[in-house]
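Report on the following structure.
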């Protein structure tokens, strides 16, 4: 539809959503961890803004709350924790180049098209202006998964995971103007705990294989000759 | 025909016919040897020689191997008895034979099988190499001969719709002289089987010991005295039995329907004639043929089996009597 | 309602309590007591539900389907706690887990039970999601309890894969909510209440519902262990402490499958009049059959005993999924019954496996030998458990497989052939591995251990009873659940 | 008066006794003796009850049904006792009683062994329970439960001496095949239940499937029951498993369990499948004939006494199925009377094989017990060391060789009589096929005689080939009594054929609607299955005349002074007195036939002239053709599946992503 027909508020929402999608691509392509963390923080901020604006547009108050939660969690807390971890594990300088950047970005574009194709009929019977955001949020979710597939760095994978969460939140906001509060809180709690656990695992993995390259976490393969395995009952 | 007309006559016929065959068996063997001798331009032994041999053996002491079990001593009596019982189910002179109801053609073959079973065990009993060899070979021969024999009986039984020997003979008589392909095949098969079963040339050579190809004699090697006599007599009886079987099944003409003395006399004459001719033929065959190597024997018997099968099939295909 | 609170929140309290408790000895017993208490509550609850139908409260709803799983969960939780008390002591004495680790274990054990029970009793799909995610969070640290590299790796995979899966499930939930908003007047209030949605399901938008179902299926299916989403399962089962494997196989998979079934019910109702009414059923059948066959094949030539049995779990979950997919009262009844007997048998087997690995100090199959010679109770327990899980009568699994096969024979005759082949292959894989472990001479220097076979005997006896005579009460109970799911009574 | 309820309650008592025996087996963990004076007597009780129940059901020709409050709520366990189950109850009972008498003596040696007697007791009881359950079941569910219980329990019995790796292999193969069989049977029942919608046999009877599905069910039933009965090519487990079990269990497995498979087949094919099709009969005749010939050919080559007996069981089951095939052919082409004759032959054969094989396995057990050896090439001369066992074994062998006047001959004779009635058939194809099948049967009989001459001859005759065999001792009274009982049962089956036929006639009436009315028309002495002038057989006179002749000859030729009997070394053509090693070995005895039928065997043979040793392995070609490739293929697929499990979490994630995308694509 023609954006010009929309009120300014909705136009802004669309713009922000588009920028969130862009940040997803940025995350996908970003090789430096610290930079990636920053990008992730920005994505969180954009999503939070979308939530706030939608709340403004529709005027239901609890969207402000969830926007606030997102802001604290995805923009402040998690990036801060990741930063601490990266510093503690001295990974600032570490780069994690993609094997096939062009291919990856192409796949990302394909995913965007695909998610639009999937979401179109869904969005079709919704009337609200923000319906096309559904496609974008779906794209962000899938891009997050794609990122987890292509990134070998544990931290990067966590970022992908969190990006998925962002996409989910965006979807919730855009399509349904937010989930019921209790669910929001539950989700937020889970994300927080998950983040803490991720932190624990970084340390454990670092201790056990002295690196966060998860491709080296593959001794549980099942070679045909033998499960080369220890004997811990 | 009612089996229970006049019990005494039946009992007599059931008693006398096998005894007659038993008495005639050595004579038949002697006759064959005699004809053979003549064909080979020898004078040959007198016809009563086999009787003399038997009498001598009965009179001599019997030596039993220390390694043998009681079965070794029991076997001759059982083998002799089983063969005689088998002979008892065979109508020779009169069709009025109650014992045909006791055991039909299949049971007859079974009884011969019983005799062979015991004979082979006896051969194994002493634990001597020759005995084992004879036993093993005897089982090889019987493995092929017995099915062929059964098939022959099947062919005839399917024509007669009965396995009762008297009824089979009766059917053949009633039908008169009919040329049946199945009968020709069956006859050929039966002749081959008879040669094999009775251990005649070219399957076995009754006249030799120590020849590596011996079968029947190998099993009797440890026997002596009365035991040997019984075994030999049983073998002769078996030969006569097969001859009589051939006669009964394929050319029964002349056999008496009742107990009329005249008919019986005629039957006896006819039987003697037929057996004589058969014996002469066998002698001729043994003169012109040579003893086979053991492993050509299965081929020989497969031929018999094949002939019998052909007889059966040709009966089903050509003479389907439905 | 009190029964419900007692059942669900006992473990919650237990989690906090055990988290603070220092003495390992007391912790073990307390763990036991709490499970027993929770089981008592569950039975009470079941009595309530069977007496006066579904118990519903603010965002709680317990009907025949859930209460039967609640009782099962509490029961297996109890028996496993009985086993884990001495077992964890032994592990502790082996210096493989620190005192703190032990405390974490007990606390998280209760936490896990809490999430399971919450997921089963809640009516709010959002809370259901939160609970299932919580189950992951509660168990992931237990998988890495031994701190070996393999354990950490397994835990990481478990965490990542299930996390991603659960995220997809959340997207599905959002889509569901999205659909609800256009069907429900007061979506904001109870737009995620399953019962409310089920009531208006026919008015839910089919397209949205099918998209939602795909996400939910992939999401919760990851936790069910459906192929190809199953990869985390063998690792997590084989590396975690054995009691954990028992409850994972016996409970977590069931609860995830329960979520899938709930979603299927909604989707079926919503798609009833669309172009593809049986979409959900067909998807489930496909996933179920693939999982069943792949797992059956993967059972061949295993080297690790716990991996072996985790693949067997995948196989049986596939069978149940297939059964629910076939639909119809008979198949549904069979699947429900299978859920029950499989949970009982499999947790019993894992308990025995725990003892077996304890005896031979290795979980490599070629090092476990001559169990019957060393400790007949363990050997026979393992052998009989495997015979039961392989579907031999007179054990209950035979009954459910018999019903499932006959239902398939009625609905999809030709699908019985892959089922049959799969069963044979799975049997071969199990027995060629188990036979050398239990039979034969015992290797030198292998001694019996102090094993508490009570739970195993209890559970196998139950399975045996279910195989010989299905009690009328239980049948009636399952039949109510069947009626809920398939809409028709079987009896 | 209606004896049905009494019979059924007797059968129930048998089941209870078997269960009690199983329970009492548990005591043997602490008190091994309880096995002898509690578990086995209970089994004997069970056998007696089953025997009585079977006889009652047959005599009364009654059918009684009952419903047990077990099983599924909507499908309780139905039990039913009719003449058909009566026959097999009779078989079970008549074998079980001697086995139970034999058991205590045989298992005494295990008391100081390490193998668990408790397992033996428990699973023996469960095994019998399972077989009884199969015979009494009247619905598919109970049938399957009992069937699998039978398989599982016998598996545990096969693994009784599980420290022998070869026994473990045998047991695994056995259970695998049994599982396949069970599933096939289950599917067959599924097909049958589809029409009536219930698993109760009563409903299946009233709703037979249509022709196509009936054929499918027939194929499945043949696969399932045929596997259990050891038909080619599914027989390989049998010669492995039967020798592995303790001998009295081998006796039960060979004599009874295989018959239970026959029972199941008859129950399904003759009762539940609806109108029979002669095509089924042809299939059966072919399969049966091939099984019989191949089975006996392999029996002839075995050097392990128990393997020999197992292969001979394969042969005999082939004969039974051949006769069943004849019955189907006759039924399908509308000759119920002839079908009754063929069915009678099958049942009689089943009974005879049960008696004889039970006797022979007990005998083999006695040899194992007395001489600690079962390899024919190391045995020899036992007849003089253990005369009574030897005599019983000889009688068993003669029966197996189908020699008159023993019982094996009666059933074979009946089968021949049935086959010879082929001229009444309409279709020319069948008229050819049936006699040819009879020819195969004749060949089987001849080979069987050879096989059992060899078995008895090399084990009991000649001289002991090894030292420990030379020190063999006769077994105890209980084991001898058991064999004597079976010999007596054989004698009854051999000498009173008219009585047996009269009893079994109620079954043929039940299944084919026709009995053998002519069978006793000449009085109990003469067996005249079709008509007196067609065929008749009277074993008693034969036996009498044999005895009289033999006796009088012995009397007439008794040793006298001028003709004494002297003991001497074997003459053997005057060579040096032969040593035991010079005897014909069992392998040597079978060599000519091995050479003639070489194409059947997978021979692995070599002779070392230096050490004068000869090694021979006779294996089944099927192993290489069918079984091994299947296993290898499965492992290849499994390896492929393992490769997929790479251990890389990113790979797993990509699977998850791809799955999601594909599903979304599918629904969009």
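Each chain gets a letter, A, B, C and D, in the order it is written, and its residues are counted from 1.
Throughout what follows, contacts are C-beta pairs under 8 Å (C-beta built on N, C-alpha and C of every residue); 3 or more make two chains touch, one makes a residue touch a chain.
Just so we're clear, the structure is a prediction, and the values are computed from it rather than from any experiment.
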| item | value |
| --- | --- |
| Top-ranked pair of chains - ranking by C-beta pairs in contact | B-D |
| Most remote chain, CA-based centroid, reference being chain C | B |
| Computed distance of Cα centres, chain B from chain A, in Å | 100 |
| For chain B paired with chain D, centre-to-centre distance based on mean C-alpha positions, whole Å | 35 |
| Chain B and chain C: spacing of chain centres that average the CA atoms, whole Å | 78 |
| Computed distance of Cα centres, chain D from chain C, in Å | 44 |
| Of all residues in chain A, the ones touching two or more other chains | 118, 121, 145, 148, 214, 217-220, 222 |
| Touching two or more other chains - residue numbers and ranges from chain B | none |
| Junction residues of chain D, two or more chains touched | 639, 642, 645, 649, 653, 656, 660, 664 |
| Category of the chain touch graph - line, ring, star, complete, other | other |
| Contacting chain pairs - touch in the sense defined above | A-C, A-D, B-D, C-D |
| Contact footprint of chain C on chain D as seen in their complex | 69-74, 114, 116, 141, 144-145, 148-149, 151-152, 159, 162-163, 165, 168, 171-172, 175-176, 179-180, 183-184, 186-187, 190-191, 193-194, 199, 634-635, 637-639, 641-642, 645, 649, 651-653, 655-656, 659-660, 663-664, 667 |
| Chain A - residues contacting chain D, complex | 114, 117-118, 121, 142, 145-146, 148-152, 214-215, 217-224 |
| In the complex, chain D residues that touch chain B | 380-381, 383-384, 387, 390, 394, 398, 401-404, 409, 413, 416-417, 419-420, 422-426, 428, 431-432, 435-436, 438-439, 442-443, 445-447, 449-450, 453-454, 456-458, 460-463, 522, 526, 532-538, 541-542, 545-546, 549-550, 553-554, 557, 559, 562-573, 578, 580, 582-584, 588-593, 595-596 |
| In the complex with chain A, residue positions of chain C that touch it | 59, 96, 124, 126-127, 129-130, 133-134, 137, 140-141, 144, 146-157, 159-160, 163-164, 167-168, 170-171, 173-175, 177-178, 181-182, 187-189, 191-192, 205, 207-208, 211, 235, 239, 242, 302-304, 307, 354, 357-358, 361-364, 367 |
| Complex contact set, residues of chain A against chain C | 60, 118-119, 121-122, 124-126, 134, 138, 141, 145, 148, 154, 157, 161, 164-165, 167-168, 171-172, 175-176, 179-180, 182-183, 186-187, 189-190, 193-194, 197-198, 200-201, 204-205, 208-209, 214, 217-220, 222, 226-227, 229-233 |
